[in-house]
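Just below sit the structures, each encoded as structure tokens.
Okay, so subunit A shows up in both of these, paired with subunit B first and subunit C after.
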Partner chain A sequence: MGVIKQSRFYDLNIHPLPDCAGSPARLVLEARDMGYSGICLTSFNSDNTFFEHDIPLPPFNDFEIYTGIEIQVERVAKLTKEVNRLRGRADIIIIGGGNEDINRASAENGKVDILAHPAAHGKPLNHVLAKAAADNGVAVDFNMDALIMQRGGSRIKVLTAMRQNLMLARKYTVPMVITSNARSHYDLRGPREMMALAMFLGMTQDEARNALSKVPKGIIKRNTDSNRIMEGVEVAK
Partner chain B sequence: MQITPQNLIHHELIGLEASVVHSSNTAQIGIKGKVIDETRNTLRIDVGERLVKIVPKSHTQFMFTIPASDGRRYLPETDTRVQVDGTLLLSQPENRIQSKFKKTIKRRVNI
Partner chain C sequence: MKILPPTLRESKRYIAFSLSSEDEISRRDLVNELNFAGATLVGDVGSSEMGMRLLAFNERRGIVQCAANKVWETRGVMASLSSVKNVRVRMKILGISGTVRAATKNYLLIKDIKQVELEKKRTAELDKCEFFIANRAISGKVIRKENNEIDILPESPQYEEKLNNSGTRYFGMTVFDL
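Presenting the complex of A and B:
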């Protein structure tokens, strides 16, 4: 268990105030208490994000706060347009998936960081999408709120789809992330609880740990490193 | 046009100092010198002592040194060094100059 204590955990999909009820400061405090090293606060509405208002955040030196936008669109053409428009404005670009067309478009778009809740409608990914996501470095999200919040048939559907996604992600080495998709601080779960839930899905402990620590860290580094000019071009120190 | 890290992969490479920092052919790691010629798939690097090495661009990470100048003279102390994945350079030099660059690496790294 020493490995888990040393790991730095990140939750990359938490929705704060303008869209949902939790205030950013409360979410940050709560996440820090639970043992996270950093979170990404994600807004749905790109015109009214929390980081454009001057909302004060608790100043911690040992806690990283990133900004993100979750794009929720119906049409593929709009998705590409929104991604290009918002890429420079937030640290992390997340696509709210579920719809098959949207899943495919985001898996094939190299500018997207995370495809969130791809199994929202109970439909799993397929081998084509998994391969595309692996090639473009789009991380597939396993959102634990679906397992916690839903009941009965819909939960079974999501669980089945997530298991299928896990199988595909293993086969094609797609980066996996586990997020809470929290809409208030009551929805947040600690890293080890999330890992336990993910292991219930069928992930091994190492996979679950990487999905909470290593892969999110890679995504953050890719997007915030100022020495990185583009994919494959880097200014050396 | 001034050479910058942003436009390096579109730019003329002949004359730049280059070194091989990573390659699938371990014998080529550490080759260092001036680029004297370029083909679609290779760079010719003059390593001194009248020796020229031909290095394939693919599967190789290059470190290019961009000379810094203040407009009039070179400032050798403040050179920028840029690490480039050779896959991005895979094209005829005259075609690489195109403004819109669509080639991407097959697999994103750092995950």
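Presenting the complex of A and C:
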């Protein structure tokens, strides 16, 4: 268990108050209490974006707060427009997927960081999308709130789709992230609980751990590293 | 009847947890909900293999017993608990031990140390509070206050939709938002 203890865990999709029920400070405190090393507060509306200095908390040495936007759109043309507009404004750009066209457009867009809840409607990804996501470095999200909040038929559908996504992600080495998609502090779960839930999907323990620590860390580093100019171009010192 | 000798008994683990909830939860309701969560997630067969039992529970904290080789499954079942009788709850697992005594000593008897010091000592003993989130004022009735955490019931009806969306009854705030 030493490996789990040493890992730094991140939850990259947590929705704070102007959209949902839980002030950013409360969510930060609860997440820190549960053993996370950092969270990303994502808003649906780009006007509500939070920055670290907006949150009235004493600064933590061991906790990182990032801002993100979850773009929820219906049409593909609007998605591209929104991504280009918001890319510079937030640390992490997340697309609320589920719709097949939106899933495809975000998997093919290199500016997108995470494709969130792609299996929301019970439809899995396919090999074309998985390949595109792997090529463009778009991480596929496994949202654990589906397992927590739903029961019965709808949960079975989502679980089946997630299993398929996992199989595809393994085959094409698509980056996987596990997020809580929390809408209040009651939806947050500790890192090990998230791993336990992900293991019900058929993930191995190492895969689940990487999806909570290594992959999110890579996404954060990619977006906050000032030396990085674009994919494959970095300022060398 | 003779009891089973210790060497033949199944090896067990004891999971200490804390429960945060919107309202008070009775032991019976929690047991029912845990059994239901186990039955829906892993089925009857899986539940019987896990051997999950709620040993002690005092409204905030408790201990769950499970089979030693099914700790991860039990964690998952406990994590999949979202509400008890329409009251939102959240189980946080404090730690796992091989004996009840160690679990109690190491995880349950420790005082709740909130690492964030109250640098600004603001009192929220009022019935009503006003919060500023993203330059927007939210006022409401204080339902509960515990350490730095405050639950409020917002006054204006425009927030009702947000509460419904999130499936909660109250907004979760902290004293730092005041």
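Following the convention adopted for this analysis, the second predicted complex is superposed on the first by the 229 of 237 C-alpha atoms of A that agree within 3 Å, B and C clash if a C-alpha of one lies under 4 Å from a C-alpha of the other, contacts with A are read in each partner's own complex, and residues count from 1 in each chain.
Assume contacts are C-beta pairs under 8 Å (C-beta built on N, C-alpha and C of every residue); 3 or more make two chains touch, one makes a residue touch a chain.
On a predicted model such as this, the values are computed, not experimentally measured, just so you know.
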Point to revise | Which superposed partner A:233 touches (first subunit B, second subunit C, both, neither) | key: first
Max touched-residue count on subunit A (subunit B vs subunit C) belongs to chain C
Practice problem: Quick one: classify A:175 as touching subunit B (first), subunit C (second), both or neither. | Solution: first
Kindly classify A:134 by the partners it touches after superposition: subunit B alone (first), subunit C alone (second), both, or neither? first
Examine A:215 and indicate which partner it touches, taking first as subunit B and second as subunit C; both and neither are also allowed.
first
Going through subunit A, the residues touched by subunit B and also by subunit C turn out to be none
Per the touch rule above, subunit A residues touching subunit C in the complex are 16-27, 29-30, 32-34, 48, 50, 54, 56-58, 144, 147-149, 151-152, 155, 183-190, 192-197, 199-200, 205
In the complex, the residues of subunit C that touch subunit A are 20, 22, 40-41, 72-73, 75-76, 78-82, 88-90, 92-93, 114-117, 119, 131, 133-134, 136, 138, 148-149, 162-163, 165-168, 170-174, 176-177
Residue positions on subunit B within touch of subunit A in the complex are 5-6, 8-9, 63, 80-85, 87-88, 104-111
Seen from subunit A, its contact residues with subunit B in the complex are 110, 134-137, 139, 175, 215, 218-219, 221-222, 229, 231-236
